[in-house]
Amino acid sequence: MSASTTTTPLLEVRDLTLRHNGRGGQTTIVQNVSFTLGRGEVLGIIGESGAGKSTIGNAVIGLVGKSFEQSFGTIRLDGVALETLSDRERRKLRGKTIASIFQDHTSSLDPLMTVGNQLGETISAIHPGLPRSEIRRRTIELLGWVGIADPAGRHDSYPHQLSGGQRQRVVIAIALAGSPSIIVADEPTSALDATVQKQILDILRNLVDTIGLSLILITHDMGVVAAIADKVVVMKDGEIVEQDATSTVLENPKELYTQQLLSAVPRLHLSPSAAHSQPEEPAPILVVENLSRSFGGGNIRGLLGKPSAKFALKNVSLRVPRGSVLGIVGESGSGKTTIGRILAGLEKGDSGKVTLDGRARDISRSGDEGLLGHVQMIFQDPALSLNPRMTVAETLRECLRFTARKEGPRNPDEITRMTDRMGLARTLLSRYPHQLSGGQKQRVCIARALLARPALIVADEPTSALDVSVQAEIVSLLKQTVTESGLSMVFISHDLAIVQGICDAVGIMKDGRMEDFGPSDFIFGRSENAYTRRLIDARPKIFTH
Amino acid sequence: MKISTFKPTGFKMPDRASYRQFLTMPNIVLACYVAVALAAPLIAHQNPYDPLQVYGWEASLPPGTEGSGGFNYLLGTDGLGRDIASSIMYGLRISLLVSIVSALAAAVIGLTAGVSAAYFGRWVDALIMRVVDLQLSLPTMLVALIAIVTLGPGIDRIILALIIVQWATYARVARSVALSEAGKSYIDAVRTMPLPRIRIIFRHLLPNSIAPAMTLLPIEIGHAVALEATLSFLGLGVPLDQPSLGSTVANGFQYLMTGQYWISLFPGFALFGLIATINFVGEDMRRIWDPRSRSI
Amino acid sequence: MALLSVITGRLSQAFLLIFVMSLVGFIGIHSVGNPVYNVVNIETATPEEIRRATILLGLDQPVWRQYLVFVQNVATGTFGTSYIYHQPAFGLVLDKLSATFELALFAMLVATVLGLGLGVLAGTRPGSPLDRVIVTSSVYALSVPSFWLSMMLILVGAVMTGWFPPGGRGLTANLLGFDWSFLTSDGLRHLVLPVLALAIPNIALIARLARAGTVEVERMEFTRFCVAKGLSRRRILFHHTLPNISLPIVTIVGLQFGGMLAFAVVVESIFAWPGVGKLLIDSIQLLDRPVVMATLTFTAIAFVALNTLVDLVYVVLDPRVRIST
């Protein structure tokens, strides 16, 4: 892919080994890592958490802490070994030659300074003595360049007044301020919604193509790599597993680990398939008609006072046939979580009708006691979903004991039968939540939900807090459970591909409205709704079939 | 970044295996203080508040003087002939009793009030938190003064006054911890089950809310010791026949100018050492139990 | 919008506070004892004299009527006449105000400068020997009871060395109608020890806050991003770290200043500093109700005023409060 095969590469990392001196002695974070980056090239470094990919990025910028030790190897920039430079000389490189983009747009900007000034101080650090008016002019120019509308007006805005996407654009503008030759971007888009993610990646790719920038892109997301990287380095446990041109790695991965990573990525199928089509619809278990909730209106304190998120709903209607799975997809702020919480009785609705299992639910107050236990929820973060002071057995026993009242005493063996079914070893029953892995915790949560024998399960982003490989396991477990026991489920997610893999019908939400609703194959194959198409288009093409 | 907000993040139980971490210097010193206070009647040379044991003519003797009671006044005697070393031991009893009882009682009342405010919400919450806010907006010294002036002198009164001063801190912390716990999805999960409310509170909410709030305890005991000593120093605290360390120091104030420094110097050091020890214990406790909490 | 809501919120709090304080203080003083015995000579007074004095002080009236009279006095701004000094109570408080004000101001100045310096010094090198020394000393400094600290300062600074006078205000000079000690060299020498006594615990408090804030801010992503931008350490410290740690510091400085203004009780009585705090303690002991009430009310007002000021500074410093999205 790279054109600069004859000249020296812009950046050359050879045999880089980094050790960390911690309390428990020395640990090797990065071992024998070598790669090169040419001018105008995009290099993706991909790996799961703990692979050491961020440490490499920090080493290139010169931001590794004092507790790190570069015990071996070299990083050469334009032929100059960086480790031989003094702190002062390295600081001069930062911003001017090597710039960086951080992951978290909510915290990479100083909340007390206007974005214009944060950009301006970078410019004046690189060009000392530049007059104020000139700094302002350049600042506005840069803001415009990264696609911020009304850059002059936005100059004096504070970070909290901007949206996530705008903030990340400002971060990119700051990185560009010193016209660097290399930008190290550490997870630049993972905190953003899919459509915004695509815009930001487009900007980055465009910059690389137009001004000959080189980019190191550190990510856990195959989709991001597929979208813009020329070359990929796959990392695991501090070592390089495989590196090659992006297309080669994606289409012909040589190493087993790379193959596993790739197969764990959920794929979207756009051609209609017959698998999900149901000729006749059975009676619905859940009907929601014109459900509305105003923004923070009314008393939504519920039992203990804290509503999780306040998003409005506007006339949302949906139906879930018995034994089927409905997926609700939307970006952050679309109100998808609010629907789930109202269905579970954790929050109130203002108006509308919810009929569950033929009975009308009282949505005007949370905690409708007559229906407790009929809807069970599986939450996003398994670490917060279990009482930290109760063992797994205690949690499950409590559920069994208190849901038993509606149908008489239940056999305590059900607990072990359920954990077996969830693939949980029986020895785990006596453990506390903090002694379990994320995936195990989520399995316990699913077991708890099923033990209550609910009419409906609401799963709210049940996999987004988990590693990619664990995600796939949990999704297939949920899918299997639902099919086996004929349960009905509402599955809330931001990820189209996961939803397609598990759901019979899909609702697309935007700004509290149901934008699009229909059977899964219709939504993904034939829907002409503009927003649905946009969501689908925002996904990397390579994982869409 | 507001200091008034308590962030109950990252709470973890101390590891059972590492009980050795409790063998720290501050803990050992504190244990010694408590032991001396408990054993005061056994190890002190005299009960300084029993007129029969005090030789009035041996007043203001410098440290190290041999007394007629057959023992050495290691730290000297005060203006009434009382052995300073014995006064410190007896004063320690009152200081510790007052501060520990008041801090514990304030913790119980404050936690109940705070969790109730979080649980019941609405007007209960508004009422409790209004009082708490009002009280915490005033300096503790003022609240203590108003309380003690209203209640009058006496050990029971000063304990009551210290409870009044301290409960609000616990209430605010307990409420914020309870609210943050209530926002976690394990509470949501049990709320979707037909569990009695009382069980949700006592089995789920309270156990997870108490522990972070209890890291306040040592610090508040330290405050109580200092506050009681100050009130006693001002003549508003414990009665004269049951002096605490604070009133023992106050006794020596008038002798300071004439060079009889030991009358207030040694009790003062004992008091300062006690408060510092308690604060170091509290510091360690917070570091172990709540590693990410901001230390103020 | 933000300004308006801050002010109305604080005003309603002020009225509530003053109301509660007046009620509690009134009932409290009432329950303690009969002030008449401090006015007449107990040994020689006849029942007739005591009765006359009671009527003179208005203590023969039912409690609720006495409270109404008190409220009336507050509304007219006099707070009644002192039982002991036979002067308008509020005038007495005003006379003592300058003494307390200069004491508190200097103490807070010293505490803020030293505390901020030490805190940032420690916070930028967490874990270093210097950091450990500062943190440990701060625990000791916060553990010293202020009365004992004052006594030790007198012992060392006055009795043993004779460098500074042990108490009193020394010579004062008049400025803007008030007497100030800091305008004369003798007065300045008198200020040193009480200012130190008030400042030392506050140095520790501010240093700990500043340290914790610095550590937290330095750990935040934007500080790392500033380093990656190529800014100098100095620029990051002064333009990013300091503004971000200033919010809690402003709060504590405001609160502590308010506390000192009204209740440097202990330090004022030990150093015989004729300020508001000493007046309050003396008046409580003499059951001089009008003066106690005047002092408490003044305190409440000063406190709410300072809290409001702190809120306003917040509005100025923090754009997230100033401009809500």
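Going by the order they are written in, the chains are A, B and C; count residues from 1 in each one.
What we mean here is this: contacts are C-beta pairs under 8 Å (C-beta built on N, C-alpha and C of every residue); 3 or more make two chains touch, one makes a residue touch a chain.
Everything quoted here is computed from the prediction, not taken from an experiment.
Visitor: Which pairing of chains accounts for the highest number of C-beta contacts?
Guide: Of all chain pairs, the one joined by the most C-beta contacts is B-C.
Visitor: Which one of the chains is farthest from subunit C, going by Cα centres?
Guide: Centre of mass proxy via C-alpha means gives A as farthest from subunit C.
Visitor: Indicate the whole-number Å distance between the mean C-alpha point of subunit A and the mean C-alpha point of subunit B.
Guide: Each chain's C-alpha centroid was found; their separation is 48 Å.
Visitor: Just curious, how far off is subunit C from subunit A if you go by their C-alpha centres, in Å?
Guide: Distance between chain centres, rounded to whole Å: 50 Å.
Visitor: Quick one: report the Å distance separating subunit B from subunit C, using the average Cα coordinate of each chain.
Guide: Using C-alpha averages as centres, the distance is 23 Å.
Visitor: Out of subunit C, which residues touch more than one other chain, so two or more?
Guide: Each of 244 in subunit C touches at least two other chains.
Visitor: Contact residues on subunit A for subunit B in the complex?
Guide: 301-306, 308, 341, 344-346, 367, 369, 372-373, 375-377, 379-381, 384-390, 398-399, 402-403, 405-406, 434, 445, 448, 452
Visitor: For the complex, which residues does subunit C have touching subunit A?
Guide: My answer: residues 220-222, 224-232, 235, 239-240, 243-244, 317-320, 323, 325.
Visitor: In their shared complex, at which residues does subunit C touch subunit B?
Guide: Contact set of subunit C toward subunit B: 13, 16-17, 20-21, 24-25, 27-29, 31-32, 139-140, 142-148, 151-152, 154-155, 159, 166, 205, 208-209, 212-213, 216, 244-245, 247-248, 251-252, 255, 258-259, 262-263, 265-266, 269-270, 280-281, 284-285, 296, 299-300, 303-304, 307.
Visitor: What residues of subunit B sit close enough to touch subunit A in their complex?
Guide: Going through subunit B, the ones touching subunit A are 12, 118-119, 121-122, 125, 178-180, 182-197, 199-200, 203-205, 207-208.
Visitor: Applying the document's contact rule, which stretches of subunit B touch subunit C when the two form their complex?
Guide: 1-4, 130, 133-134, 137-139, 141-142, 145-146, 149-150, 152, 222, 226, 229-230, 233-236, 246, 249-250, 253, 256-257, 259, 261, 264-265, 268, 271-272, 275-276, 278-280, 283, 294-296
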